[in-house]
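Quick heads-up: structures coming right below.
One chain, subunit A, appears in both complexes that follow, with subunit B as partner in the first and subunit C in the second.
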Partner chain A sequence: MQGVLDKSILLSVQELTVNFRAEAIVARALEGVSYEVRQGETVCLVGESGCGKTVSALAILGLIPQPPGEIPGGRILFMGQNILELSEEELQNLRGNHIAMVFQEPMTSLNPVFTVGEQIGEAITAHQKVEGDELRERCIRLLKDVGIPSPAERLKDYPHQLSGGQRQRVMIAMALACSPQLVIADEPTTALDVTIQKQILDLFKTLKSKKGMSLLYITHDLNVVANIADRVYVMYAGIITEQGKKRDIFQNPCHPYTRGLIASLPARSKRGEALHSIPGTVPDPAYKPRGCPFHPRCTYAVKKCSEEFPEMLDCGDGHLSRCPVVLSSERKTNTIRTHEGPHYSDL
Partner chain B sequence: MTTNNIMLRSTGLKKYFPVRRGFLQRVVGWIKAVDGVDFDIEQAKTLGLVGESGCGKSTVGRLILKLLEPDEGKIIYKSKDITHLSQNELTPFRKEMQIIFQDPFGSLNPRMTAGQSVEEGLRAVGMKGRRERKERVRELLQMVGIPASAADRFPHEFSGGQRQRIGIARALSVEPSLIVCDEPVSALDVSIQAQIINLLKELQARLGLGYLFISHDLNVVGYMSDMVAVMYLGHIMEYAPTDELFDHPLHPYTFALLSAVPAANGTPLKQGLELRGEVPSAFNPPPGCKFQARCPLAEDRCRRTEIPFYEINQNHLVRCWKVV
Partner chain C sequence: MLSFIGRSVIQKLVTLFLVSIVSFLIIHIAPGEPSQVNPLNPKFTPEIVERFRKAFHLDKPLHVQYFYFYKDLLTGKTTSWKDNQSVLKKIWERFLNSLPLFIVGTLITWTISFPIGIRAAIARGGIYDRSTTFLAYLLISIPGFFFAYILIIFVVTRFHVPVIGMETFGLREATTIHMIMDRIWHLLLPSVLGATGGVAILSRYVRSQMLEVESQDYVRTAKAKGLPPEQVHYKHALRNALLPFVTMFGLILPGLIGGSVIIESIFSWPGMGRMAYEAILARDYPVILTVNFISAVLVLAGTFLSDLLYLMVDPRIRL
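Up next is the complex of A and B:
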């Protein structure tokens, strides 16, 4: 593995495999997933539901329930330490102090019977000795940082008194409480209106540049990826199918699944023509097809695709794709297709 | 507005919900969910209704289907005023207008097979022969891309996209001419969303259906619609043909929405207008423009007087005096 000694790499997930077992049935949620997050970088994991995005985030925090979960293989190196070998106590120190997480639905992660002030205060004091006025000041500053108006008054509010967007801001404030190096955000704007989503995405960008933290941003929404990512990992059925800089992924996608996803996006500019659609559905992780798990839905598939599990192939400059068919047919002549149209050209 | 081919026209439609408080459950105010709404839906065309959550989109849908009684205004269906028809008088119109929802799971009976759900509609339109019904169920399922062999399966045995297809087949069973699509693809993954969108378009072309297409997603609305109505707190703020609305938005709210929508090239559909704050409650709104609290252009007049719907040209209306 290249890069283990690279200081700029904050998080390195290597060949991570996660199964969920129910009696004799084994759901292979992740199969050899590898990805990296460098200092100060925003990395997006994108894919449709059930492809393993949340499981890969929970694994980083040591939050996979075992059983039914099991982690038969892989390493998760955070600042050089393998998270999978840490004790529960060490994990607790890691969560909050170094890595924090923001979830999709803040209502379920905020405690309804404690005030905003109590919960942010608790996030701070869990790891640091601060009290009294100083604690209150810290709470107010955090709320201000995440753009909550009249923060001093909001301290007394209960979660249900806030709007969805404000609750998500409170969650972000709690995540920032101990200045973590890495924030993991799992679909943090999926339940919000577009205008509020825009505000939250802008907030993440500002906080990231101000605090120099790294962001692992999980979403199913390619439009959000295009807005926020530096680098992108596309997931399908528990594997990484393509990875690269945002530009590579949108302008020069080399995996049929990525191409299909981009072509499926509705947009006013496509009105009047049928949308491209990927036939079929995402497979159940307990019954994945042999070979390339995407082959039953793939318009490029050849016989080999149903027989051999494809390797990650180099498309140059950190851009990798797990599809030998596209690469051998289009690379030979150096003609990897670029997506046409103004829609993708000005990234 | 054009008058030919109008299937459904709504004029001045209003629906207020009472807010009750205290021991005696006194009415302390009103949620002005729909506060005077005008639009037309043309034959075989789609009117997109877009706006943030809580702005009244679903209520409009339920009003035109007469699932809710409007407080004021008129619903004209194929030149007939159906606003005050009795349940009995409505029966023929019920078959003409159908609805499909965001969550087909919630709207399909879990104890009925896919076939039974679709067949129920056929019984409702009085198709008597059992053989004939079964044949029609096969046809309908096939039309929406569900293999006839799956007719005996229950909703939980299908994926989200397939359940949406069954919901569509059920709506089609009574041969409607207008369908209210209330966020029909919002809960689906992109690849499945594209399948359902294509299906809706195909069916529209084949059967000449009119759609009221409700969505909070401007990318989807822009793809689906011929006309777009942008809604905010019970009012339509702007109403225009799709391209006109996207290329020449006039209302500051439309502009702000377009600025907030990320597109697949990373740049928003429009740039320049940032929306601060969140949608205020529809409970006892202040007089004047509904958008005043968030509007960067707001002036005194916006807070004093009701803002009329200005007709910019034949097909483009906007509810803002500053931009006309």
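Up next is the complex of A and C:
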């Protein structure tokens, strides 16, 4: 597989399928999802709630509870090693040490009965033999790195004594504890105020360039994507619908879903107009429509869409899309039209 | 902190006062008074009944009786109407009898329930979990006295475990070590039996509490850090799951005086529970009310204690 050979590829998720089973009902959370994260790159997974973003992140850390979850197919290669085949001990060594995760809700993701210092210290001692003053020093340095004022005093605080933004900074400090090669951030700013969101995003950017780690950033917010991503994967109902460089995705979206998402963004150029919205809702993962899962909501849909599951098609330069309708109709005129949505630079 | 303690003590004193009134009234509302317990007894002539009523102030209005009773109680002079003994002395003797039963029973309950419940929660849905669930419901469903008789028949005939009283008759001459062993031997069946119901219920409670905590985000965070499962379960999850039991721990304090009427009756154990039960049958108001008062004090002390314990174990609670 080319993923194994290419040294710059840190993480390669290949055809990953995850189901959740409850009695006779099978919810197909992920159906053959593939994506890659290269060294030093920021990759965004975008999609509506319930499209499988978080499940794919949990799968990378081997944190999908089985049962009810099951992983009938696919591979997750991290530095050439298939995570799905690792033993529990090997997974433990991986978690926090090589791949760390920042969760969505900093309040509930921190243990309420342990101090910040204990929780960060534990993230270090889980993988390294560090004790006493040295451990304390490292905790303080981590808190300083994530921009928490007077870090030495904060170590003795409990999570409930911190503000939302500070809690998320603590979560990030915990993730960075062992300098992992990959940090997965699962909607880390969703629960925060907009002003704090910006600070946390900037923090991620600085830390990334300082530590040279890769970032897999999961979000439903295209503004965040425009701000932080190198490459983007758009997910819908457990599949990747479109992928490409940030520029391609925003300037030349080739999938109706991506176009709908971009069109529904507020922007300066659209002042005074009613905002676009995609009709309908995300299908229940247990009862997905046949053919292209997006076709019931799609304005481009033709008869074929409800019959055939669409293949990933090349739009050139690593830009792939799962919509043959858009590609064939617009290829005829020999130009893929530039979308009239807002330019990502004015988001 | 000090203001919390002060406030709470005052609140509890007020509650205690109300409890004393209500329990006093309830006893007096109940039909039958001590002088009428046995009207067929030829000794109970009208004159004697009248004298009896006078001696125990039963002819006075209720608020005066209330005053007399609590004056006696607070000065420690309450005496039983049945045998004229000091109530506090009587209770103290019975309390000392009940204490070992209570301590051993509680120890068994709490030390066994937690490992069972925690393990069942961690290995949810497995054979261990399902069999403990089955056993727990079985033990909860069997009436205590029925289970006791099954146990007595089975254990006594096989292992000759004593089932009557606290010690063997006529063992006065034995050495201390023999006396102690004899006591423990007698304690075995009642305390195990007293604990079974507790273990069945408490272990269920521990299991559900633990399951609830295991699904929390911070447990997932702990796993994502790469901590070994023991630390995830026994440090991060357990520490949170234990919080509600701190409250329960304060509330076992009243069990000190309540005793267990059923167990003590089955095993002829001369304990508190039986004494209170007999006092109720004999309308021995001073004994009933004193036991009632002491258990009210213990309940209030128990809630106060659990408030303080909560303060110590949960950093989110500050005064």
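Worth a mention:
Here, the second predicted complex is superposed on the first by the 333 of 347 C-alpha atoms of A that agree within 3 Å, B and C clash if a C-alpha of one lies under 4 Å from a C-alpha of the other, contacts with A are read in each partner's own complex, and residues count from 1 in each chain.
By our rule, a contact is a pair of C-beta atoms (placed from the backbone, for glycine too) under 8 Å apart; a residue touches a chain by one contact, two chains touch by 3 or more.
Worth saying up front: this structure is predicted, and the values here are computed from it rather than measured.
In the superposition on chain A, contact is made by A:Ile262 with subunit B only, not with subunit C. By the touch criterion stated above, A:Lys210 is placed in contact with neither subunit B nor subunit C. Looking at the shared chain after the overlay, A:Asn111 reaches subunit C, while subunit B stays out of its contact range. Touching more residues of subunit A than its counterpart among subunit B and subunit C is B.
Within the superposed three-chain model, A:Gln92 lies in touch with subunit C and out of touch with subunit B [touch as defined at top]. In the overlay built on the shared chain, the residue A:Lys303 is in contact with neither subunit B nor subunit C.
Of the two partner chains, subunit B is the only one touched by A:Ser277; subunit C is not. Residue contacts after overlaying the shared chain place A:Ala123 against subunit C, while subunit B stays out of touching range. Taken together, the two complexes place no residue of subunit A in contact with both subunit B and subunit C.
By the touch criterion given at the top, residues 48-49, 163, 165-166, 193-199, 201, 220, 222-224, 226-227, 246, 250, 260-262, 264-268, 270-271, 274-279, 281-282, 297, 342-347 of subunit A touch subunit B in their complex. The touching residues of subunit B, when paired with subunit A in their complex, are 52-53, 159, 161, 189-195, 197-198, 201, 216-220, 222-224, 242-243, 246, 256-257, 259-269, 274-275, 278-279.
Those residues of subunit C that touch subunit A in the shared complex are 216-218, 220-229, 231, 236, 239-240, 243, 313-316.
For subunit A in complex with subunit C, the touching residues are 61, 63, 88, 92-97, 100-101, 103, 105, 108-115, 122-123, 126-127, 158, 160, 171, 174, 177.
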